[in-house]
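Each in C-alpha cells, the structures are laid out below.
You will see two complexes here that share chain A, one where it goes with chain B and one where it goes with chain C.
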Partner chain A sequence: MAVITPRKKKRSLTPYLLIAPAVLFLAAFFAWPMVQGLILAVYDDEAVLPLVAEASIEADRTGELPQGAAVAILGQQGNTIDGELTSDLLTEQWFRVTGTDPDGADVDGWAPETRIRVRDEASDGTPIGGTVRPVLGENADPLTPIRSEPTERADVIAQLEQRAPVEIAEVTVLEVWFNVSAVDEDGQAIEGWAPSRFIRAFENGEEGRVDRGTDGQFTSRFVEKMLDDRFFGPAWRTTLLLMVLIIPIQFVLAIVMALVIHARPKGTSGFLYVFSLPMGMSDLAVGILFFSIFTSNGLLNSILDLFGLIGDNPPTYLGADTRGWIIAAIVLAELWRATSIVMVIVVSGLQAIPDETLEAAELFGASYWQRVRYIMLPLLKPSLQVALILRTILAFQVFAVVIALGGGEIVTVLANETYRQYFELRDNNVASAYAVFILLLSLASSVFYLRAMRSQNEVAES
Partner chain B sequence: MSDATRIQERKQRPTTGRIATYLGAFTIAFWILFPIWFMFSMAFTTREEVRSFPKSVFPFTPFSTDTMEFFLGVDGVMSGLINSIIVAVITVVLSTVISAPAGYAISRYIFPGRDLFRLGVLAVRAFPVVVLSIPLAVLFIRANLFDNILSVALMHTILTLPTTILVISSVFASVPYELEEAGQVFGASPWQSFRHIVLPLVVPGIAAASVLTFVLSWNEVFAASVLTLENRTLPALLLNQLSQSGPAYQFAGGFFLMIPSLIFMFVIRKYLFNMWGQVSK
Partner chain C sequence: MAEIRIENVSKVFGDHVAVDNANLTIHDKEFLVLLGPSGCGKTTLLRAIAGLGMADAGTITIGDRDVTYLRPGERKISMVFQSYAIFPHMTVRENIGFGLKMNGSGADEIKKNVDEAAELLHIEQLLDRRPSDMSGGQRQRVAVARALAMKAEVLLMDEPLSNLDALLRLEMRAELKRLLQDVGATTIYVTHDQIEALSMGDRIAVMRDGVIQQCDEPSTVYADPSNRFVGGFIGNPPMNFLDGLVRADGDEVRVSVGGNDIAPAPHMASALAGFDGRPITVGIRAENMKAMTGQADGSVPVTVQVVEPLGSQNLLTVDVGENRLKVSTHPTFDVSAGDTLWVQFPPDQIRWIDPATEEVVSSGETTVGA
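Up next, the complex of A and B:
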C-alpha cells in the first residue's frame, strides 16, 4: 500500500522543525525518565551519612557511616534547622531571655529550654516569662551561661543564677544534633556530629542506628532485595510459563485465522471485523470477561449444569487451591485477546505474497497444505518474526488479566510484582529493579529471536 | 484484478476446502463473539439474574438496564468515567498535534537523521509500559503532578506517540507528492497546496489514527494505576475495586470498558491493515 513518492531532496531546516516537537517530547517524557529509572534501580541516594566535627553543616567531615550502622550517642546539641521542619523532627527550643545577673547588671542573650522553665505564657501560647532551672548534681556550675546566639558554640556573654526570673523576648526552634561514635565500614572507630533526623535513637538514649544517609552511592542492594523477594521466583517462572503456553498456540491460531480470511469467504469484511475485535479491547475488560466465565457461578458451570454434568455444588476454578485452573483461564483469556494482532500482521504478510506465485504452485499440482507449508509460511517469515518479537515483549507485561483472574497472590507475574513493590510496599527502588529486569528480558528475547532467525536463514542459504 | 477474480471464482466450487473455510470462520467468530454476548447479557439484566445460578445461557436473559444503572451509580464511577474521557481527549489532541508534523517530515523529506529518528520511534514503541511507568511516577511526584490526570495523559501520549507517528507517516505517504507539486505548478504556495490538496486526502486517515489513540488511552490500566491515587481513570478504579466488589459491578464495568472498542473498531476497520501493516514493518 505504501506508494513510492519522490521526496523533496533539497537540504532545509523544515524537516527538523517538523520533528522537533516529537523529539523534545520523547526526550522529556521517555529518555529522561528511563535514565532516572535505571539510576533508581542501582543507586541509593540515602546510602551514606557523613559525620562532621561540630554540630554545624559547615564543619569538617570526620568520617561517614553506611545506612543501618549502629552508633553510640555521646551527646546532643541544638542547631539551626537545615531543610524542612517536619513534625517528627527531634527539636530543641532556645529562648532569648532578659534578666538581671548576680552582680545586678542587665542580661540579654540566649539559653536552651533545658535551662529555662517557662512559667508565663501569652494567650496564644507563646512563652513570655520564666525562671532559670536549678542546677542538679554536686559538681555542676550553679550558674547558667547566657549566649550571644542560639547555639552552644556561641560566646557566653553573661551568667544567671538558678531560679532567677527572666522575661522571654524571642523563641527559636533548633534541630537536635547527636554526637555519635561508631565503627565505620573500614573497621575504624570514628566520632562526629549528625542531625538527629538521620539517626534513630533507641529508648535508652545512649545507642541508635543510622536511619538514612544524605549522600548517594551505587549499590546492588535493591537488585539483591528483588532477587530475595519471595514473589520473585514465582513471578518470573509464571511469566515464562504463560509465554511458553500462549505464544505457540497463539501463532497457530493466528495463522489459521489469517488463512480463513485469505480464502475470502462471503462476508470477509464482517469476519475480519469480528476477528480483529479483541485487538481493541482493554486487557482488564478481557480479564473480567473470562472471570465471568470461570467464576463458580459463571458461564462454564451454567453450561455444565445445563447438561447435568455437575451436582449441587458448582466447582470453584479461581480459588486458592486451583492454580492450574487459574493458569488455564489466563492462557485462554490471552489467546482470546492478543491473537487478533498477530492475525492482522499475518494477513498483511499474506497480502504481500503475489497471487501468481500461489497460482503457479497450484498449476504444478501443489495441494493446499503444500502451498501453505512450502510457499506461504517461508514468505511469511519476516511478518512472523515481527509478530513474535511484539508478542514476547507484550507477554512480559501481562498484568490486568492476571489480577482479574487470580487476584495477584496465588498466581503472580513480573508486572504485578513491579506494581506491588511500588504501590503496596512503597519501594520505588525495588520496583525499578523489577522494571529494569523486565526491560532486560525483553531486549534479550528480541536479540535472541533476531539471531535465531538470521542464523536459520544463513543455514538455508549455504 | 480480473485474474484474481477468476481465481476466486474457481476456488468457490463447493469443495471440502470451502466447507472447511466456512466451518473455521464460524467457529472462530463464535469463539470471539460468544463471550462478548454473555458479558453483554450480564451487563444488561437484573441484579438478581447476575447473582443467580445456574444462569440462563440460551437464548436470552431477561433484559434490563438495572445492572448497568447500578454500576454507573456507584460512587466514583462517574468521576472515573469523566477522568477517562478527559485523559483520552488530551492524549488524542497532544498525540495528533505532535505526530502530524513528524509523520509528514518522515514521509516527505530525506534528511540526515531520518533513519535514526524512525528507529528511535520504533524502539519507543517496542518499549514495555511497565518499565516506563515507575520512573515517570517518581518524576511526577517530584514535579507535584502526581495523582493528576494530566500526568496520565502525558504518559499515554508517550505510549501512543510512536504508533501515531508511523501511522500518520504512512497516511501521508499514500498521497503522491506529485499532487502537491501539481498544485504548486498551478501557482499555489506550498502551504496552500498542502491545505487544499493534501489535507482533505489525509483527514480520514488521521481521524482513524486518533480513534486508535483514543481506544489505547481508554484501555490503558497499568500506568493509570501507578500514576493516580484519588483521581482514578475508569480502568484504574475498576482494577483497584475488583476484589471488593460484587459480580454486578464487575460484569457491568467490564462490558462498559468494551463499548468504545466495539464501536471504534467498526469505524476504523478499513484502516486497520494500513495501520498495522505499516507499523509492523
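Up next, the complex of A and C:
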C-alpha cells in the first residue's frame, strides 16, 4: 500500500499582511509599555557605580560599588567635563590668574576657586580680578601653588602669597571627581575614582556613600521595598476583603437581574436600561455619589433625621475610626456600579440558550427553579467564567471609589499604593512593582478560573 | 386512554391568526400527521397541545383531562423537537433520564427506562457520551429516546426528521414508524414533507393558513382531496388541474377541456349539471391518466413538451389546449418531445373542483366513490 503523505498547503501571505497592523499595534501599545513596566519593577539602572583608576571615564575600572555603599573620600580633583554641563554635576571653577610672586616674578597659571577670592567682576558677571585666599592652619604652606593646567595633576609652575592681588584672565569649569576607597560586595577593598555626582559626600568631606550608579542590574530591591512598605499589608488585605465581599453578592444579584430580564414578566421591559445605567458612570463619580450619601451631613443621615432616628450629633460613617463603615460604603458603591456589567454578560449568555432547550426542559417537567439549576446555570458557565475573570481583574484594580470614600489612608488598596508610590513618593520602581503585583494577581486568578471552570466537554475530551 | 380532543382552538400572534378554529380528534394510540406548508400553523397547533404556547380560544382535552390551562410539565406528554433540543451539558444518559429525574422517579427506575429507550433506538454505546461529539442522526435518536423514556401516553413530534440528510431520513422514517407502532402512544407528528405524512400516518390532517383542510387516512387524502389545495399539495407530481366548461343537456353532462369533451362518471352527472355553462376545474393525478400513441374512445390529443425518465416511470409534460399537465407512463413507453399523443381521462379518477370555492364537488350521494 502506498504511503500517502498529506499535501502541503501553499502558504498564503495575505493573512499575515492583514494581521500585521494589529501585531504592530499590539507590540507598540501593549507589549512595549508592559515590558517597560516590568523592567522598572525588577531592573535598577543605577545599581552599580564603577570606580576607575584615574579621574577620567576612559580610565580602567578598578572595581564596582553597589548603590548605597559607604565610601571613604581620599581626595578630589576637578576634571574637564565630558559632554554637556548638567545641573547635577558637582563642579569646580578654575581661574587663570596673573600676578606677581614673592620674588617679584610674573606669574601666569591656573588656580582653583577654593584658592582665589573674586573681588572684581565685569559688567556681565565674569570675574576679572581677586586676591589669593589666606591659608588657615598653623602648619599649612602659606603659599598657593599655581599650575600650568586647570587640574590638580598639572605641574606647579609658580606660587603666590596669600592675599596677593591677581587678575583673572580666564575661567574654566571642571567637574569634581572623588578618589574613594571602599569595600565592595565581595568583601574586597577597592580604591578608585568616580564623578562626584554619583557620590554623596557627608559634611566632614571624608566620608560618603554611593548615591546612584551608572550601570544597570536586575534587583529584587524594589519588590522587597514594596513588601516592606507599611501600607503593603493593609492594601493587599483590603483589596482581597473587598473582592471576597463584593463578587459573590454581585454574581447572585446579577444572575437574578438577568433572569428577571430574560423571563420578561409584564412591566419589566425597561429593567435592562435601568439596570445598566450605572455602567455609564465613571467610578470616581460613583464614589463621590456614595460619599454624598454617607458623609455626616449626607443623604443617609438626612433620611434618618427625617424619621427622628438620630439626635443632634449625626453619626460619622466615613471617619478615621469607622473603617467598617467605609468598607461597607465601598462594597455598596461597587455593587451599585459594577453589577450591571456582570448582568449584561449573563443576559447575553441566557439569550444564547436556544428557546427549544428551555421548552424541552419545561415539557419534561422541570419547574422554573429546576430549569435554572439544571439547564440555565450549567449552560451559563462560559458567560459566568468571562464575567468572573473580568470582575476579579477589575476588583484588583479598585481605586477611585476607595479614594472617594476612604481618602486612601484608613482604607487603602493596591492600586492606591501604586498611585502613592508614583505621585507622592516619586518612586517609579516601587510603583511598578505594585503594578506588576496587580498584574500577576490578575493573571493567576484568570488562569485559576479557566482551569477550575473548564466546561465538562473539555474535561471529557482531555 | 389518551384520546386528544382539540375543540375550536385558535391562536393569534398580534394580527396574524396562526390557528383558526381548529377541531380535531386524535384517537387513542393513533398516529396523526399534521401536514402543511411552512407557516400554515401546524407547529403552532402542536405547541398549543404541548402547552408551550397557550391556545387563545378553545379547549384541548387529553383522555378525560382538560389540559388547556395546564403547564407543559403537567400534561403528561412527551415531545421530540425539531432542533432536538438536547441538553448539551449532559451525557446521553442524563439527557434521556431528565424527564424521569424531574418527575421524581427513583434511580433504579430511571436507569431501567433509560436503558430500555436507548436499546429501542440502538444507542446503548452512546450513553456516556456528550451530544457535542455526536452526529445529527445520533442526536436525533437521543431526542427520540428521551421522549420515549417518559412512557407518556401522548407523543408530540415537531418535524423530527427535517434536519437529517435524505438517506438518513428515509431510514429513520421506517424505523420511527415501526418504533411508534410498538410503543403505542397517541402520536401527533408535524411535518411539511408529504411523503413522510403519507408513509407514516394513520391519518393526515392537512393545514393551510391556520385552517385544517382535511383529516383522513393517507389513501383518502391522496385520492380524494377535499379541495384544490390538498390535491395540489399532496402527491409528487401534484394533481393536475385543467380548466373545463360544463355543458348540460338534459341528463347528458359533458365537460369541454381544450376543445375536447370529457364525460363525467355517472354518479357525478347530477352534481355537475348545476354547473351548466360555468367553468369547472378538472383535477386528475398523473398516474391515473392513460397515454396512448393512437386514438381511442374518449381520448384527448396532447402535445408532448418534456419527457423526464425517472427510472420507475417516465413523466411527460404535455399540453392540452391552454392547459399543461403531467402524465406518468411506463418507463418503456417510447415517446419524445414534440410528439402527439392521446390521453384518456378515466371518469372515476377525475375530481371536479368548483373554481369559485376551490372545493371538490361531491356527488351528493352519501359515499364518495373512489
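The definition used in the following text is that the second predicted complex is superposed on the first by the 354 of 462 C-alpha atoms of A that agree within 3 Å, B and C clash if a C-alpha of one lies under 4 Å from a C-alpha of the other, contacts with A are read in each partner's own complex, and residues count from 1 in each chain.
Note that contacts are C-beta pairs under 8 Å (C-beta built on N, C-alpha and C of every residue); 3 or more make two chains touch, one makes a residue touch a chain.
Keep in mind that this is a model prediction, so the values were computed, not measured.
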| item | value |
| --- | --- |
| Chain B versus chain C as contact partner of A:Ser282, first or second or both or neither | first |
| First, second, both or neither for A:Pro378, with chain B first and chain C second | second |
| Contacts of A:Glu359 with chain B and chain C, given as first, second, both or neither | both |
| First (chain B), second (chain C), both or neither touched by A:Ala105 | neither |
| Most chain A residues touched (candidates chain B, chain C) | B |
| Chain B versus chain C as contact partner of A:Gly407, first or second or both or neither | first |
| Partner chain in contact with A:Leu309 - chain B first, chain C second, else both or neither | neither |
| Partner chain(s) touched by A:Ala189 [first = chain B, second = chain C, both, neither] | neither |
| Overlap of chain C and chain B interfaces on chain A (superposed complexes) | 359 |
| Parts of chain B lying in touch with chain A, wherever the complex brings them together | 3-4, 7-8, 11, 17, 21-22, 24-25, 28-29, 31-33, 35-36, 38-39, 42, 51-58, 97-99, 101-102, 104-111, 113-114, 117, 120-121, 124, 126-139, 154-155, 157-158, 161, 165, 170, 173-178, 212, 215, 218-219, 221-222, 225-226, 235, 238-239, 242-243, 247, 250-251, 253-255, 257-258, 260-262, 264-266, 269, 272-274, 276-278, 280-281 |
| Chain A - residues contacting chain C, complex | 354, 356-357, 359-367, 370, 374-375, 378-379, 381, 455-457, 460-461 |
| For the chain A and chain B complex, residues of the former touching the latter | 1-3, 5-9, 11-12, 14-19, 21-23, 25-26, 29-30, 32-34, 36-37, 40, 256-257, 259-260, 263-265, 269, 271-285, 287-293, 295, 297-299, 301-303, 305-306, 314, 336, 341, 344-345, 347-348, 351, 355, 359, 368, 383, 386-387, 389-390, 393, 396-397, 399-400, 403-404, 407, 414-415, 418-419, 422-423, 428, 431-432, 435-436, 438-439, 442, 446 |
| Contact footprint of chain A on chain C as seen in their complex | 50-52, 71-74, 77-79, 81-83, 85-90, 98-99, 102-103, 130, 132-133, 146, 150 |
